[in-house]
Amino acid sequence: MADLKTRIAKRCAKEFKDGYVANLGIGLPTMVSSFLPEGVHITIQSENGFTGLEGSVERGDENVEIINAGGGYVKASPRVNYFDSATSFGIIRGGHVDATVLGAMQVDEQGNLANWIIPGKMYAGMGGAMDLVVGAKEVIITMLHQQFNKKTGVSKPKILKECNLPVTALGVVDLIITEMCVIKVTDEGLLLTELHHDFTVEDVVAATEAHLTVSPDLKPYDISE
Amino acid sequence: MADLKIRIAKRCAKEFKDGYVANLGIGLPTMVSSFLPEGVHITLQSENGFTGLEGACERGEEDSEIINAGGGYVKVSPRVNYFDSATSFGIIRGGHVDATVLGALEVDEKGNLANWIIPGKMYAGMGGAMDLVTGAREVVIAMLHQQLNKKTGVSKPKILKECTLPLTALGVVNIIVTEMCVIEVTKVGLVLTELHPDYTLEEVVAATEAHLIVSPDLKPYDITE
Amino acid sequence: MANKIRTALEAIAGLQDGMTIMVAGFMGTGTPEILMDAIIEKGVKHLTVICNDGGLPRGWYSDYDTPRGTGKLLEAGVIDHIIASHVGLTPLVGQGIIDDTMECTLVPQGSLVEKIRANNFGLGGVLTPTGVGTIAAEGKMQIEIDGKMYLLEKPLRADYSLCRASVCDEFGNFLCNKTTKNFNYLMAGAADHNIIATERLVKAGELDPDTFQHSGVLVDMIVEGEKPWQI
Amino acid sequence: MTMKIRTAQEAIAGLKDGMTIMVAGFLGTGSPEILMDAILEKGVKHLTVIGNDGGLPRGWYNEYDTPRGIGKLLDAGAVDHIIASHVGVNPLIGKGIIAGTMECTLVPQGSLAEKIRADNFGLGGVLTPTGVGTLAAEGKMQIEIDGKMYLLEKPLHADYSFCRASICDDFGNFLCNKATKNYNYLMAGAADHNIVATERLVKAGELDPDTFQHSGVLVDMIVEGEKPWQI
């Protein structure tokens, strides 16, 4: 599982260009910054009010005044800039964040995204997620292709014809990266553009509820250094 | 004329309470800060982005980074705080300015104010005036009671039944201070509350187009120290 | 000049049961702890609290940690209604909703800040693309501008705002270090009574005025005595 | 890392006749003079200029003063349309309107600031009570919220924004001294290309990051060489 997540993070890192301003969700998305191609330097934005997040901090090195949006203590780069929450969300909503990487519970054929609430089960709040996916120029979803139910041992598709959980935003997803493949969200629907060699197109289709168009230019899943 | 303006400024100064945050227009309104009662200290806001304006600056003492909203170089108090224009007008529009003192071209029975444009003649722009009179908690108009036409030598009322010039804002004026009298704008109309000993009631009425209600509690114009 | 300096209890003397308060901070960072403590000491109840989140619960980073920020108010059970963007770190909110002892209104974080700023800065509302087509749009006016749909987010008001400064002068001009800024530069001024609790209090003019990033005209009362959080 | 540092000419290489630009500053204070000079040198014409005012005309404070800020563009006849709050200080605008060579759109100052911030910060507009019942309301949507009437002020966008910093690091984080802030913290980020001309350029990390008050992610290009105005 950890290997699969590393694979996804590595593939996702290839989406970043030098100089990008990015916002990475907690968990898998945070791993992306460890795998950036050589020469690609990005500036990470943190919703709680700064640009220039560098990564987590060792016990003993914490600065009580520098936390990330998950409440964890983090390191800041020399070009860090701190601001208030209105400025932070101004930067997000204003299209100044080039890309955001987030996990998802569900994504559908229209690029609709559900990743903030499971009614009756998970109640945390949307935090900055709704603003992020509406405001970022590119929204990349990184996730395991299916939802594994630990109790039953059954896996269920997360890429659906239509989201049935409350959505985080409508039509915002640009790219979906899973351990199996890369899918682009286009006006005509979901386009399978890259396939990992561990899987066949049939495997992917079986694990996906949404209709997938296979790109005539289908390429192997690219995580070469 | 200069004496009359000083009289008006002195009377206006009595409207201020200790701790007030105020914005004073250029000209006569600026003079008000010279006549504050003992123990009354106010903080002056400057539209271009600071609180803590102290007054004009001598030649040779100018700081090219400190101007007022008229473009003049000014002095600042030790408690000065500088901010950007959105914050400046946030402070104004948000009701954080206790009082503003401004001149007027016309004021009417409903407290409507015209002080920014004479079509075909004066074309300067409203600058911050519309925001100021909309946002300040108390709008004090300080002006000579009538408009003197220097060519013809004829004076015309400026306190009208209804403004004829394009408005700066609707129903915002709280009090009008002229060399003749003090008029409060109330829901039932203009109430004459103070009369200067140099004038009779009839003279004020003759110089005013608007209907004036004489307060049963009419007092002498108060500029005692 | 009117003196703005108070003790914590003096500053909240007018705070009554059922009032609405804004509490700055992001997961406890940048929250005025001495004002939280004063509220609990005074025993005020049934508060509506506007804040980013539920603060931090007991023992969050180190076992011996007290709750932080609004986490203190939640633990003391003085909140009836919380208006926030994220309450996942404090299980007390979820529990309160299940037990029906607490109401929670969720607002996207960027909209929450604009609603607070709108009230502070005299706007009737702002139009945001955030939340269109989601639960966050429920009950809100939608306006189409040049072919794009927006939600109208209206101002949020409060009786008191409780903020924290790293350095504050006696007039109320203040600054917040690093990521403690968050809601402090928005909430100070957005309520009827605006209180700043500061780590360091200086005289006006003691420091370069450009050091300060928020205007003292937005501050009504100043309380000294905040301490840096100890990890 | 992408280098943002340019000469003034390089920074405005893409600026063409007929484009819309934002110029920060308040009566010249806080305007990027070296970028104004570069525009004149390049000979760009028919610009739409968004600014607080028309800058300062020649000889405003001392007889030997050059025009300042937007005043330089007006003096050179490079402006077809100015969107501003106050143009009384620069007689060239009044003359241009009468002569029919220039268009002028007046916006209340607070609304102008919010329209620029709205574009920069991704809002579809803000509702302001300012201007209701006046000429400033013409052609604008009016919305009643809880019994009070507001004007909808929509975002203002530009091809280029020209701002001035007192100190800027090589990433674009910057600060403006004293009353030079005005529109600089609003316009930087509100255009497709955002240029900051700075008096002092430092390396990222050279100064305490909390010194800076505007984020470098909103800045695309940095030009060194601004000089303090000499009185």
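Per-chain residue numbering starts at 1, and chain names A, B, C and D are given in the order in which the chains are listed.
Assume a contact is a pair of C-beta atoms (placed from the backbone, for glycine too) under 8 Å apart; a residue touches a chain by one contact, two chains touch by 3 or more.
None of these values were measured; they are calculated from a predicted model.
Least step count on the touch graph, subunit A to subunit B: 2. Summarising the inter-chain layout, the chain whose CA centre lies farthest from the centre of subunit B is A. Here the CA centre of subunit A is 36 Å from the CA centre of subunit D. Computed from the mean C-alpha positions, the centre of subunit C lies at a distance of 33 Å from the centre of subunit D. Rounded to a whole number, the gap between the C-alpha centres of subunit A and subunit C is 29 angstrom.
For subunit C, residues that reach two or more other chains under the stated contact definition are 114, 117, 122-123, 128-129, 177-178, 209-210, 213. Among the residues of subunit B, those touching two or more other chains are numbered 82-83, 86, 89-90, 92-93, 134-135. Under the contact definition stated at the top, the residues of subunit D that touch 2 or more other chains are 114, 117, 122-123, 128-129, 177-178, 209-210, 213.
Chain-to-chain contact here is organised irregularly, matching neither a line nor a ring nor a star, and falling short of all pairs touching.
Interchain contacts (touch definition given at top) occur between A-C, A-D, B-C, B-D, C-D. Listed in rising order, the residues of subunit D touching subunit C in the complex are 114, 118, 122-129, 143, 145-146, 148, 150, 152, 154, 175, 177-178, 209-210, 213. Note for the complex: subunit B touches subunit C at residues 18-19, 21, 41, 43, 45, 51-52, 76-83, 86-87, 89-97, 134-135.
The residues of subunit C lying in touch with subunit A in their complex are 26-29, 52-53, 56, 60-61, 84-89, 93-94, 97, 104, 106, 108-111, 113-114, 117, 128-136, 177-186, 228-231. By the touch criterion given at the top, residues 46-50, 62-67, 69, 71, 73, 82-86, 88-90, 92-93, 112, 117, 122-131, 134-135, 166-170 of subunit B touch subunit D in their complex.
Of all the residues in subunit A, the ones that touch subunit C in their complex are 46-50, 62-67, 69, 71, 73, 76, 82-86, 88-90, 92-93, 117, 122-131, 134-135, 166-170.
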